[in-house]
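What follows is a set of structures to go through.
Same chain, two partners: subunit A is paired with subunit B first, then with subunit C.
Then we have the complex of A and B:
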């Protein structure tokens, strides 16, 4: 009993320790930011040494100013940001990423399954995958913006970013199906189509979830860059680009922080869904 | 065995396949008759093709020649009339115990209430009451194999094919599972073809033991085990049969080793 409470309190302590370490890490980061901005803005010269004359861009804003700007961006819509509130930009980016993600999902899953289970499909698909996968999605930006314009262009780039992680993970999953499970299903009377639905699909699901999580992260990187190059059309990437052009640097940083928050949120949701799927499948 | 009909009829069965080093003859003129309700063990040195025989009867592998008939019908494909239990358990990890057992019935589109009735009886038969909703990762090796046996029985097959089902269990669990299998077998009276490399297991379980030769595998000798069940592993008769089987097997082991050492 004593050892139980002892080990229990040990677990509690190590939990607290880890929480504290995380808090310290954030605090150190914010402190360095604060000191760096103080120096760069010549508010607090380091040992009396002032920075060489800096452009406004190089004058790093204080982090609390960035947060304030981020808050302000939800209630004001100055003309350099397209006359839109931050919430509208978020909505624009989310719309693009959802469409691009959905298109990638419904095309990559069947293709991945096909390539994973059929050698002929693999022979057809593999050279194309090997050819196109190494090209960074952002390399397509100039072409896609001309061909697909400002709404579908960024979506097409997100599509490319999400497509390959899902395709490759699903293909790997479909290929790794334990052959003894298929043998077992056959001796239980299952035919090809039944085996596909009742064995291959559930076996591949955890791999698909990994592909989705990886794909979402890449999707955010793609959407922001695509919107920045896209110039018009709204979106958080566009917001950064426009604020930069107008010299509103605290808004540039505010946009960057916003992207971080959005990416963490969507990945978090994907993680929740993943855990929910595992529990539903009884695989923890 | 009161003159029951022949359920499995294997004649002149051969199997060969090609590897980089050339053509390998795994089975050559293998023949065997198994009667209804009989418990037959296949025993032989590793690589003699005993698992191959089982997989061909199951319909999981194609034969190169000869004939394999189950219930008078030539085997062409796997089917629910031949249940199989694998050494690796082969349970579906995303399905609960109950859902694993009901797999074959689902495939046959048996209505849900009927499926539940069947799985309930089987879960009780194999002693897994209370674990209906557990998933395979939560079960021990012995429990997993109980699920696999129940799953194979759910289709009410004519024949139960078992491929070293207790090979990955520890000695204690293994003995217990052998006893359990005999209990289940006497409750359901299936025809069983059981592959093992353990002489003791074969003598404990089988009505007849088929000792196979080293590759290419064929029948070396069939040994009857005329002992009443439950069998006492330490009785004089048990030990006598065991040493007879062991003697036969050892000669084949020697041959297998000699073949391995000699350059082809």
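Then we have the complex of A and C:
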């Protein structure tokens, strides 16, 4: 425990400038939020200035109200949001994200490698990828509901969000392997399979990691659309959607903050895996 | 940044999340009741296909999404909504207070309501004479508006009661809905009082405004359009047969080239975002953003959104009563509400009148309604 606090304080001291900058950035953001809320509500310091005649007094809640709503969502389970606790919503969303992400990873990596290394595979895959990539996940909702049903439907939406960034990054990585490296390996008598494992794969890994980070972010972006598919067991996206139709805006923002936190956490885990992979491959 | 620092941060965050999850899982353990029916939320337009696909056992929706399944032999009606609550209010006409406070806003609203009244009277007459030309015209308008065929529309029209009057029973029912919402924690007394209403009856007496409808009755036609450059921006729901009055009032071909809105001097246009997917979205996107002047929507979302977020959509006329139903899969062996125990029912969402009706029906049988897990 002592070494933990020691290393923490050491890290704080050595990074004080950047930590201060981060703190200032958050503080400025929260101040702007506060001023905007106060402006919309004609509250102090904008007493008497009513920008909109609408009586939408909770449209943009103060940030401390949002944090309070987020805290409360772990211990209360209001009926408009499915009568579930936030922890249950988190569990439901994490399950969808994990399965969708795992499936995307398993399928996108080999396909990306193939498209990056083979011109014929590229010719086959390219038009399909370009055709399907720009379709917004929301557009798939009605068909996925019927075809994939309540369990796989939302996962399929997340899958689509994660799949393309990984595929495209892996393809780019595999394609941009320095030919000199491959020639060198060949001169040393390496076989095709060895070149693939020892040269192409390590070269592609950083690209894959970028794809994973971007893909996870987009996966979370898709969660509201995904959880419009019945919302079995709820989910943070369902929570936002349901709270919005009931006019509970503090809960809407609480759900948005929660998605941000979850995205940071999952990306953090991906970062840890990245380090582990690099060490395992002897790259760092 | 230091690697250790990241690991420590992730570990601390993970402990907090896992701890929170397990704590509230423990808290959520409840005693068993006589039976539970599970619900999922899907858009009514997707309900028929989902029922046919087998992922739900039943659904509750508005017409024509009930008759659509019945005519297509996909489903049978378990209960019509009038069996749950006779004459229950459903859709209403609501007006934005911002529109009312504009110059001429009151006059334009009264004229709108006059056209609404006349459309209702025309529909009542058409429905009373199914062999007449007006009935055929009504069916054609409904076919176009709902994108359903004439057989479905005719079956659906039988179960919707159109009417504009807001009598005491209507107000009492809305008060009952509000009380239920407070009971179920959908909104709170504190929020209601924060908006300046001392009780639910005080709220309904102020939020339901009958004076405009009364004044509308004596409005006479206008030879000129009174708002040529500022059309009334109309909100309505996607293919909702309950809201036929606005379709009739906008129709020109059946009325010699002049619509009822035009007859009373009005230019009416679809609001940005209309048709809306649900009353909740019409409130939160349309009325709240100021893009809807007058809208047709369910009374419950108009009430709930106002109490929760302060968005105002004053209820100024009724549009219909009844006209929803619980549909079960054809030949499913489900013959009463008790058979729905442990089964999955789709609803349009927690804020809809259909959700409220389903809850009322199950309450009477001593059954719980919970989200499907």
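Points to keep in mind about this one:
The definition used in the following text is that the second predicted complex is superposed on the first by the 213 of 284 C-alpha atoms of A that agree within 3 Å, B and C clash if a C-alpha of one lies under 4 Å from a C-alpha of the other, contacts with A are read in each partner's own complex, and residues count from 1 in each chain.
Methods note: a contact is a pair of C-beta atoms (placed from the backbone, for glycine too) under 8 Å apart; a residue touches a chain by one contact, two chains touch by 3 or more.
Note that the structure is predicted; figures quoted are calculated from it, not measured.
Contacts of A:282 after superposition on the shared chain: subunit B is touched, whereas subunit C is not. Judged by the number of subunit A residues each one touches, C leads among subunit B and subunit C.
Contacts of A:91 after superposition on the shared chain: subunit C is touched, whereas subunit B is not.
In the superposition on chain A, A:188 contacts subunit B only, with no contact to subunit C. When both complexes are overlaid on chain A, the residue A:180 reaches subunit B alone and has no touch with subunit C.
In the superposition on chain A, A:139 contacts neither subunit B nor subunit C.
By the document's definition of touching, of the two partners only subunit B reaches A:199; subunit C does not. Of the two partner chains placed by the overlay, neither subunit B nor subunit C lies in contact with A:17. Subunit A meets subunit B in the complex at residues 178, 180-181, 183-190, 194, 198-199, 202-203, 205, 281-284. Interface of subunit C with subunit A (complex): residues 1-10, 13-14, 17, 20-25, 27-28, 40-43, 45-46, 49-50, 53, 55, 97-98, 101, 184-186, 278, 280-281, 283-284, 288, 290, 301, 304-312, 346, 349-351, 370-373. The part of subunit A that touches subunit C in the complex is made up of residues 4, 7-8, 10-11, 14-15, 18, 52-59, 74-75, 77-88, 90-91, 142, 145-146, 149-150, 228-234, 238, 242, 244-249, 261, 265, 268-269, 271-272, 275. Contact residues of subunit B toward subunit A in the complex are 58-60, 77-80, 82-84, 86, 88, 90-96, 103-104, 106-108, 135, 137, 151-152, 155, 161.
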